[in-house]
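Across the two complexes that follow, chain A remains constant while its partner is chain B and subsequently chain C.
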Partner chain A sequence: MEEIANLMQGFATVLEPFNIGVMIIGILLGVIIGVLPGLGGANGVAILLPLTFSMSPTSAIIMLSCIYWGALFGGAITSVLFNIPGEPWSVATTFDGHPMAQNGRAGEALTAAFTSSFVGALFAVVMITLVAPLVARFALQFGAAEKFGVYFLAFCSFVGLSKEPPAKTVVAMMIGFALAAVGLDQMTGQLRLTFGSTELLAGFDFLIAVIGLFGIGEILLTMEEGLQFKGKSATINPRVVLQTWMELPRYWATSIRSCIIGCWMGITPAGATPASFMSYGIAKRMSPRGKNFGKGEIEGVVAPETAAHAAGTSALLPMLSLGVPGSPTAAVLLGGLLIWGLQPGPLLFVEQKEFVWGLIASMYLGNIVGLLIVLTCVPLLAAMLRIPFPVIAPIILVLCAIGAYTVHNNPFDVVMMMVFGVLGYVLKKCDYPLAPLVLALVLGDKAEEAFRQALLGSQGSLTVFWSNGLVGSIMLLGLIALFWPIIQNGMARLRPRPAV
Partner chain B sequence: MSDQSHSAGETGPSQRGVEIAVALATLAFGIIILIGSLQVGIDWGFEGPKSGFFPFYVSLFIIVASLYNLLQATTLGGIKPGLFASVDQLKRVLSVVVPATIYVALVPFIGMYVSSILLIAVFMMWLGKYSLLHTLPIALGVPAVVYVVFERYFQIALPKGPIEYWLGL
Partner chain C sequence: MMSQTTRIAFGALAAVGVAGVLTPQPAQAQWQPSRPIEFIVPAGTGGGADQMARTIQGIVTKYNLTKTPMVVINKAGGAGGEGFLDVKASRNNPHKIIITLSNLFTTPLATGIPFNWKDLTPVAMLALDEFVLWVNAETPYKSVKDYVAAIKNAPPGQFKMGGTGSRQEDQIITVAIEKSTGVKFTYIPFRGGGEVAVQLVGNHVNSTVNNPIEAVAQWRGGKVRPLCVFDDAVLPYKETIVDNLSWASIPTCISQGLNLDYLMLRGIFMSPGATPEQVNYYVELFKKVRETPEWKKLMADGAFNQSFMVGDEYAKWVAKEEQRHRDLMKEAGFLAK
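Showing the complex of A and B:
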C-alpha cells in the first residue's frame, strides 16, 4: 500500500501549476514532432533536452516524457490521413487507417487510433505502477555480475528478436560500444582510442548521435523518396467520437491481446514497431472479419495502435527499475537522468521517490491530456503537414543543429551530427538497425564497468557470470534470446504438422 | 517503399556494391578500434583489466561480424537485388546534404543565426522555387523565434559571428 501513498504524492507533484503547464507544452510539442517528418520521439527529446537543464529534474522528466507520449499520439495522424507513417511504429496503422480515410471515415479511424493508444498506454502505466517497484526492490540485491547479466540480456534480445540480419545487428551494436569507449576510461582514468585528437577527448555523446542518426538521416530518407504530401482532410466532431466509442468495446479481446503483446515487447527491448506489426498480424488471423483487414477495418487500427503505445510506455519500466532503457527514446530519457545528476537504476525508487512517482503520475495525466489535445487539434495538425517540404526541411535542419550545439556548446558536435546523419541514411538503407547502436552508446560505459567489476571480483574468471542461480538464470535467458531464431526453428521442426 | 520507384532503365549504385563498401568500412573501423585497444593494453594491470580490455573484445566482434557481412554481400548472395538508389534519388539526397554540410561548416565562422537565414533562404528559393517575398518572412522569422526562445527565455547562448556582434545581439 506504500505504493498508493507514493503515487498520490506523485499526483500532488504533477498537479502543481508549473508542472501542468510543462505537461501541456510537452504534449503539444510531442504531437507536432510526431507529425513532422524527420522529427521523431528520440531526436525530438534529444533536441529539447538542453532546454531542461535549468529545470528541476521532476519538471524536466515530465516535459520530456510528455513529448514522448505526444509523439506516440502524433504518429497516427499522418498514417491515417496521409498514408505516411510519422513514426516507424505507425506503419501498421496505415494498413487499415488510410483506407478508412479514403472511404470518408477519417474521423472514425482517428478516434479509434487515439482511443486505442490511450488504452494501451493506460494498461502499461498500471503495469508499471504495480510491477516497477517490485522489480526495483528485487534488483537492489544485484551485484556487478547480475548488472552485467541484465545488460547482456537486453543486448542479446536485440540480436535474437530484431528482424534485421543478426550479423548487422551485432556490428551496429558493437560500433555503439566502441564509440562509447572513446575518451576517458572511467575506471583507470586513462585516455583511450583518441589517437591524439583533442576533439575526441570528451568521447562521443549519444545525444549528438541520436539527433544525427534519427533526425538528419530521416530527412535524407524522406528527400530520397521525393514525398508529395497528398492527404485527406478530417474533422472530428463529438458525434463521431461518441459513435466510435460505442463501437470500440466490441473489440475488447483484440484490445487486451494487443496490450499484453505491447507490454511484453516494450519491456524486452524489441520495441514499439515490431509490437505493432505483431499485434496487427495476430488480430488479422484471429478476427472473424480478418479477410477485410487492409480494406478499412476499424479493428486493424485498434490492434497496432494499442500495442505500439503499450510498448512505448512500458519501455520505461526497465529504464526506471533497472537502468536499461527499452527503446531509443527511453535511452535518451535515461541520458537526461544522468545529466540532471540522477543515477538510473533500482536505487532511484529509494532515493528519488518524488522524481519516480512524479513521473509515473504524469504518465496517467499526460495520456489523458494527450487524448484530449489530439482529439481537438486534428485539423490544425493536418494543416501543419501541408507545409511543403522545402520549407519544413531547412527548419528541422536548423533545429537539429541547435539541439546538437547546445548539448556541450561545442560547434564540433554540429559537424559530428552531420556525419552521423549521412551514416544513419546509409546504414538504414543497408538494413543495419540504429536502435542497438544508440543503446550501446548510452549503456556502453555502464556495461563495461559492470563487466570489469565482476571480473575484478573473480580475478578474471568468466565463471562469475554463472556463480549463483540468479546471475546464471539471467545469463541463460540472454542466451535463449540470442539464439531464439534457431530455437524457434528447432521447435517448429519437432512439432507435428497440422493436417491441411 | 523505394524499390517500386526504380524502373528498369534507371542507373545508380547497386545495393550489393554499397553493402560491400559498408562492410569494408565497418571492418576498417573494427581494425582501428583493435589497434587503439592494443595501444593502451588489453591484459591485466595492477588495477585489474586495462583500459583496452573491453574495446578489444568489442573490436573482435566488429571484425568477425563485418567479415560475415562481407561474405554475405559477395559470395553468399544474401542481399536484396537492385539499386541502392537511383541517380535521381541520390541527386535529391545530395541537394540536402551539400547545403547542410556547408551550413554546418559555416556556423563557427558566421554564427548560427546568419547561417540559418542563409540555409532556409537557399532551400526555399532553390529547391522550393519560392519568390524572395515568400522566403524572407520565414528565413528571418525562424531565427528570430529561436533567438527569443533560446537567448532570452532559456538563457542559452548560440554561436555568433561578426554580423550578430555588429547588431549587438
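Showing the complex of A and C:
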C-alpha cells in the first residue's frame, strides 16, 4: 500500500492554500477555453504555459492540468445549448444533448454531461493510482497494426447507427475520408489533393469543419425556420441538478462500459474523440432505449461524456510513464515538463514522487472542484436559451469566426468555416447524416497512417492484422460490431419461438 | 491571468506609443519592437522545435528581455510549409520570427511548394541537434558492427527503421546508412519523435535515429541502447545518465565504420525585408537568452551541439547545408517532380 501513502502525501501538497487557489483559477480558465469553439485545451494550455515558469513544477502542473479538466467540462456546454461542439470530443454529445435542450431539458442534459464527465475522470484516476505501471506496459503492446484495429473498431461501432439510408451514411463517410486525405501525405511526404493551392497545404482542420458544419449549419437552419429556437425555452429550476442525479444511477451499465472504453482509448493512445464516438455507438447498440438515441435520450449524453473524460484523464498516464502524449493537450504538458526540468519516462514515478503524486492528487481534487463550479452554473447556462435568437445568433456567429481563426491564426479558415456551414445546411436538408462525415474526417488520416505503417512493416501482407492475439481480438470485435444487426437477427431466429 | 497579460501587453504598447510621440527620435536609434513578437514554429506542439521555442518564450518572459510580449504560434501544416509561407508573406513585418529545423530544406525540396530559405532574413543559429542510432536494450547488438552484420544476415527489408515524417531528416539519414553499409531497411514514418521512441521500446521497429532529447528518458529507464552518434566528434556532456555511461561515451558513427555525419539546424529567421538594425536586435536578444541557466540546462538535457553563428557566416552555412540536402535527397530520389 505504498501507493496510498504516496497519494496522501500528494494530497498534503495539493491542499496548500496557494495550490488550491491555482486550482480554482485553472478550472475557471479551462471552462472558458472549452466553451470557446476552436480555442481547444491544447491551445489554451500552450498560451498559458509561460505564466507557470515562475511557479514550482508541482503548482504549475496543477494549474495546467486543471485548465485541461476545465476544458473537458466546458466543451459540453455549447454542444448542448447551441449544437456547437467546443471541443472535438464533444461532437458526440451534440447528438442527444442538443435535442434535449430543444425539448426544454437543457438543465438535465448539462447536469448529466458534467456528472458523467466527473465519473469518467474519477474512474480513470483510480485506475492510474492503482495500476499505473501495469497499464504502461499494456500501452507498449500497441504498434501500428493494433492502432489500426482500434480505429477500425471505432468506425465499425458507428456504421449503420443512423436512421438515414445506409447509402447516404456511406456517402457522408466517403466525403469525410476525402476531406481527411487533403494536404500532406504523412507516409510519402508529398502533397495530395491540394491542386497547387498553398491554402490547402495544411488540409482541412477538423475543428474548422465541425464549427462550420454544426454551428453555422444550425444557425442557417434556424433562420429558415423563422428565427426561433425550436421547442420551448427552459424554465430556470435550481433543483434540476438533484432531480437529474436521481435519474442517473439507472444508467450504471452504460457508465461502466464507457469508463472502460475511455480508459482504453486514453492509454493506447487513440484519444478522447474516438472514445466518445465509440462509446456513443456501442451504447446505442446495447441500450434497450437505443432506437430513441438522437431524439434527446439522456443516456446518449452519459455515454460520450463519460468516455471522453475517462480518456482525457488516462491520456496523462502514457505521457508520464512513457513520454508519449495521449492527446494534443498532453503533448503540450509534456513540453512543459521538460521545460521545468522533469524527464517524463519510466523513471519519473521513481525519481519525482512528490511531483507525480501531487499531480494525481490534484486530479482527484481538481475534478471535484470542477464539478462543483460547473454544476452551480447549470441553471444560469440553461437560462441562456431564453435570450431571443436575433440577439444570440450574431454572438454565436462572431464566436465561431473567432474560434475558426484561432485554430491556425489564418483568415482563410474563417472562409472555410462558412463554406462548411453551407455544406452542413445542404446535407441536413437532403437528410445526409453529419456524424459519419465528422468521424471519417477526424479519424480518417490517422487510420490510413496506421494501416500503411502496419503494411510497410509486414511488407504488404494483410495477415499482420491477425498476427497476434491482441490485434486479432480487436479486429474480431470490430467485425462483430459491424455485423451486429445481422447477428442479432440471426440469434432471434435461432431462438425457439414460444408456442402460441 | 489571461486578462492580466493582455493588460500588461496593452500597457506596454501604450507606453511605447507615448514614448514615440514625446521623445524626438535620434537619427540612428536602436530598433525596438512596438508590437507583440510572433514566434512561428513550423512543427506541432510538443516536438523538439516547439519545446525550444517555448523555452525561449519562457526565458524572455522571466527575465523581461523584450519590451513587448513574445507569442509562440504553431503552423505545422504541410510539414511546416504553412509556417514558412506565412513568414514569407509577411514582408517588412519585423515582429515575426521563425525557428527552423531541417524542414527548412526538406519540405520545399520534397513538395515543390514555392519557398526557399533565401525568401527569409537569416538571424542566428542557436544550436545544432544531434542524431543517435538507437536499438532496443533487449537486443544483443552492442555495436554498429554487430547490428549491420545482423541486418546483412536477414532478408533485405526485414529490419525496420522508425523515424519522424517522410522524406525528412530521419529518412535521409536512413538512406545514407543504407548507402554507406549496403544494408536495406524498411523505413516506417511516424508523427513525432516521442512516438518513434516508444515504438522502439515496444519492439515494433528495430532501430531509430532519434534526437538525444527524444530518447533520453527511455535510455535512462534502461529500455534502449545508443550505438553511435552522427557527429564528427564525441559529445562533450560527461554527466552520468545510466550505468556510468554519459553522452560522451557514445562513439561517433564515423569511428564505427559508418561514414556519415548529420546535424540539424535549430536556427532563427525573420520575415523578408528586415533592416540590419532589426536583425541586430534579435541577434542581441538571443545572445542574452543563451547566457541564462535555463538555456544551458536545455542544451545539456538534449546534448545539443552549441554552435552559434550570425550574419554572413550563418548564411553561408545554410547555403552549404541546402546544397547538401539537395544532393542527399536527389540520391535518395526524394525530390519533387
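Just so we're on the same page, the second predicted complex is superposed on the first by the 271 of 500 C-alpha atoms of A that agree within 3 Å, B and C clash if a C-alpha of one lies under 4 Å from a C-alpha of the other, contacts with A are read in each partner's own complex, and residues count from 1 in each chain.
Everything that follows uses one rule, which is that a contact is a pair of C-beta atoms (placed from the backbone, for glycine too) under 8 Å apart; a residue touches a chain by one contact, two chains touch by 3 or more.
Note that the structure is a prediction, hence the values are computed from the model and not measured.
Peer 1: Identify the partner contact of A:Ile487: answer first if only chain B is touched, second if only chain C is, both if each is, neither if none is.
Peer 2: neither
Peer 1: Would you check which partner chain A:Leu51 touches, where first means chain B only, second means chain C only, and both and neither mean what they say?
Peer 2: both
Peer 1: Does the superposition put A:Gly335 against chain B (first), chain C (second), both, or neither?
Peer 2: Only chain C is touched by A:Gly335; chain B is not.
Peer 1: Touch test for A:Ile402: chain B only (first), chain C only (second), both, or neither?
Peer 2: The answer is first: A:Ile402 touches chain B but not chain C.
Peer 1: Can A:Thr188 be said to touch chain B (first), chain C (second), both, or neither?
Peer 2: After superposition on chain A, A:Thr188 lies in contact with both partners, chain B and chain C.
Peer 1: Once the shared chain is lined up, is A:Met384 touching chain B (first), chain C (second), both, or neither of them?
Peer 2: neither
Peer 1: Does chain B (first) or chain C (second) touch A:Ile20, or do both, or does neither?
Peer 2: neither
Peer 1: Go through the superposed model and pick first if A:Leu456 touches only chain B, second if only chain C, both, or neither.
Peer 2: Once the two structures are laid over each other on A, A:Leu456 reaches both partners.
Peer 1: Where does A:Val324 make contact in the superposed view: on chain B (first), on chain C (second), on both, or on neither?
Peer 2: Once the two structures are laid over each other on A, A:Val324 reaches chain C alone.
Peer 1: Of the residues on chain A, which ones does chain B touch that chain C also touches?
Peer 2: In chain A, positions 50-51, 54, 185, 187-188, 190-191, 409, 456 sit in both the chain B and chain C interfaces.
Peer 1: For the complex, give me every residue of chain A touching chain B.
Peer 2: By the definition above, chain A touches chain B via 50-51, 54, 165, 167-168, 170-171, 174-175, 177-178, 181, 185, 187-188, 190-193, 195, 216, 219-220, 223-226, 388-391, 393-395, 397-398, 401-402, 405-406, 409, 411, 414-415, 417-418, 421-422, 425-427, 429-430, 432, 448, 451-452, 455-456, 460.
Peer 1: Mind pulling up the chain A residues that touch chain C in the complex?
Peer 2: Per the touch definition, chain A meets chain C at residues 25, 29, 42, 46-51, 53-54, 139-144, 183-191, 198, 201-203, 318, 322-325, 328, 331-332, 334-336, 338-339, 341, 343-348, 408-410, 449, 453, 456-457, 459.
Peer 1: Over in the complex, which chain B residues touch chain A? Could you list them?
Peer 2: Touching chain A: residues 1-2, 5, 15, 18-19, 22, 26, 29-30, 32-33, 36-37, 39-40, 44-45, 47-55, 58-59, 61-62, 65-66, 68-69, 72, 78, 84-85, 89-90, 92-93, 95-97, 99-101, 103-105, 107-108, 112, 116, 119-120, 122-124, 127-128, 130, 138, 142-143, 146, 150, 154-159 of chain B.
Peer 1: Which part of chain C faces chain A closely enough to touch in the complex?
Peer 2: 1-2, 5, 44-46, 50-51, 54-55, 57-58, 61-62, 72-79, 81-82, 85-86, 106, 110-114, 157, 160, 165-168, 171, 186-192, 194-195, 197-199, 201-202, 204-205, 213, 216-218, 220-223, 294, 297-298, 301, 334, 336
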